[in-house]
């Protein structure tokens, strides 16, 4: 069994930070699976994924070492992990459409998805009752200012010890600053066969364009809207007399199914993101 | 049984041309199914589709009436038709990939496609031997200048009395001036699920983007490259270990099948193009 | 001086309608500048632009002749025209952003745009006060159902005898059924250099993509969202320290200017739409 | 004065590689400005940019230390650097259009671009005479197989000690495997205002779409074709009577100018690539 953690380091640049952090992790027997660092206008930012064989894992020791290191470097270090004997903790972000949220909660309930739906976050109240019925905490974050809203969402994720994020028809765009902190840990469902029909009103776009195959895409969220690595897609043929309403109905069924499938692949650790492309392993 | 004809009228604008032509057709008992006319910088151009109940059809009479009308109006009038008791005459335009051409010839041969493959036109010699083996005349039009090459292709189509055109992986772009004369009578196959991946190298684009569903599109050719009304699409799932080569192989099978299917729908007169969208009727 | 009219004919298909209408117009000495007709599933629809030398123009006679013809054919015929000695009548559709509306009203007021701002239509109340201050009738059409809302907008246009429509940051999508009736008579402003960044949030898309040139596009509205013939574009360089807010501010100035310029070109009859492309003449 | 180097490390994954390498660089007083590492299917790959204050720079010592480290880790480590007292060494990749190549060579010759044009690489012979006239070595790499051709190009770059690469209308697509090794060190010029009109035939696409502003884009090359971070763009208005030929002529002038400008910004170290966006500093 392996233990996994995500570490982010942010602060004013100084020499040796990468070496100090990776050296510390090496002493702690971690393997660094992925690392991205850059210095921009004197600002240092780094995010890395590390793993430990269970024999070397000691949360308290690693964690307190990082706290000490953060003080020495005068930088912010976040250490997010979860006990592999426990379920990963998922946040579900929604707006007003219920179908994906309900599909996910059903799949979690049936142990089809082996993770813990820990909190539901929304910019509207519409789906609060579903959250309540399923006994998942609901948090309303409806600030109009995107930057402030995101800070609040980040705080909610932190408070709930969230491991990964599912966007289940969440209708706000996440900024690079948000996405960076959950690299390849935010899964979105988009109602088209990307790269066709990005943006809003995807079914209507497809319908008015007259395509004969309509589909949906689950993907990791990156800096560029609707351009992240594709995890799963599925599609159906448009029959001659289907209306837009029929297409939306079929599409929404598919959204739920493909989103659940993508989360399942993610939880099975069967996904590798390699130069912007998801390889199933 | 109905008789169909396409009539194009081109020349210096003068008052009453639309009325004169449509009036003449009305006297000849034609029904005008579609008409598009415009005057631009003093240049008049009109294309129309007309149909006749067989009782009123008399090719010689209608045709010689149009010749007389053209003289009176001092305009060019083309009258393209075919005897519904005979097969429609298809031109197939190709470049160097053989699979679609071969699939079409097989389907024509098996009477799966009820039309006459009348001429194969190419900008290269690669597929001449296939044409010869199938006893279909082959015409090489390899002028570098697009405008001159198109004039020559138009002359070949005229000479062979072509009713409709199939682009079977033809690698040159047709100009508006060409396309206009065969409105909704040119069928192309494009190796992607349009509107994704227009332009060249579509399979490579799809592969490098990491999509999980790859497909192909048969569409009518319009003024805008890869944007014409979609007739048929089909797709397959990309399995985790498929290489680009595997995708191209699967895709080419699909190209042939979808192109044959689109031609079949076209010949069955089951297609209506309505505001840029194909409705199957 | 010339008189112009738009005529639309809709109804169950029957033989001879095109000939009857164009023949009538020929007798009335009209020149048909553009005509588009099609029969789909037994439904006949035709829109045409005609012009008359002033010597032959007699509104009452032409109009009553068309009313009679409509009865004979049992079809709906609409005859929209305006006296060239009078100003064209513009409808301005808006949602909540005031800058384009205000720029247009200023340009109309200063006789920079020689047309009559006849009605302002909106799906929200935000800009009602601007309408009132400028003494232009304001009509709220806020039905949620698109099809019903459009019927109501069409009725308002009819009631006000509107010649052409300006979309001044109108945030609803018009259906083909609406657009068809005002072919090349609906002008929209889109906040990007189309075809880049169609759809919503165009400035944000441009900003997050990091383009170094941002611009705006005035275009005729067609069936396909943000794909109509481009009338005018303008752009500016993104300076190194510009924020999204700066870009939006500069962009909105440009929107106003380019929209006014496009309307001016339209009113000067200096635009020809030819195979989907605007030619300035 | 600062010394810069790019280090790439490739091999079978093992624990501690990141720490070992970054630690070594820390001991050597390097600052790590950017680092990207990932492990995929047991394959470790890392690319990093490091800088040294001149006081601590000792090429021989650092280099031989890395050679030793490579042996210990049993991995391939490449160390590419240049003496800041010397000019950076540029490779120019071309196909057959001469204008950008000539513009670059003129700018290099006039010391407007302070770098050394070290080698010209092409998949065709067309421009060999220009290379010869300017006394820059010319290397023909015309293998049809992309993967083999790239290996050969990489070998040429290595042999010439190339610091950065300019694609001056190079008509072949570079694979992720190539691009990764020269992250943010390959500059391309594309003949459109990206993201409009990616792919081939960009001017024709723009012309047939009828845009009123045409432009060009210099960008860093990334894994995704025509989607890399934009360095510079410029544009011009399409005048009413411009032909496609006129547009191409104006565009090619602009290509040359914008490519030279982008290389100048690059050499002035005024570019930061931040989450896929170039910030000028």
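Labels A, B, C and D are assigned to the chains in the order they are written; within every chain, residues are numbered from 1.
Rule of thumb we're sticking to: contacts are C-beta pairs under 8 Å (C-beta built on N, C-alpha and C of every residue); 3 or more make two chains touch, one makes a residue touch a chain.
As the structure is a prediction and not an experimental result, all values here were calculated from the model.
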{"item": "Contact-richer chain pair (by C-beta pairs counted) among A-B and A-C", "value": "A-B"}
{"item": "Chain located farthest away, centre of chain D as origin (C-alpha)", "value": "C"}
{"item": "CA centroid of chain A to CA centroid of chain D, Å", "value": "32"}
{"item": "Rounded Å distance between chain A and chain B, as computed from the means of their C-alpha atoms", "value": "47"}
{"item": "Inter-chain centre distance, chain A versus chain C - centres from mean C-alpha coordinates, in Å", "value": "43"}
{"item": "Contacts with 2+ other chains: residues of chain A", "value": "176, 208-209, 223-224, 276, 279, 281"}
{"item": "Residues of chain D that touch chain A when the two form their complex", "value": "13, 15-20, 22-23, 25-26, 29-41, 46, 176, 180, 223-224, 272, 274-276, 279, 281"}
{"item": "For the chain C and chain A complex, residues of the former touching the latter", "value": "173, 176, 198-201, 204-205, 208-209, 223-225"}
{"item": "Touching residues (chain side chain D, partner chain C) in the complex", "value": "193-197, 208-213, 215, 217, 229-235, 240, 276-281"}
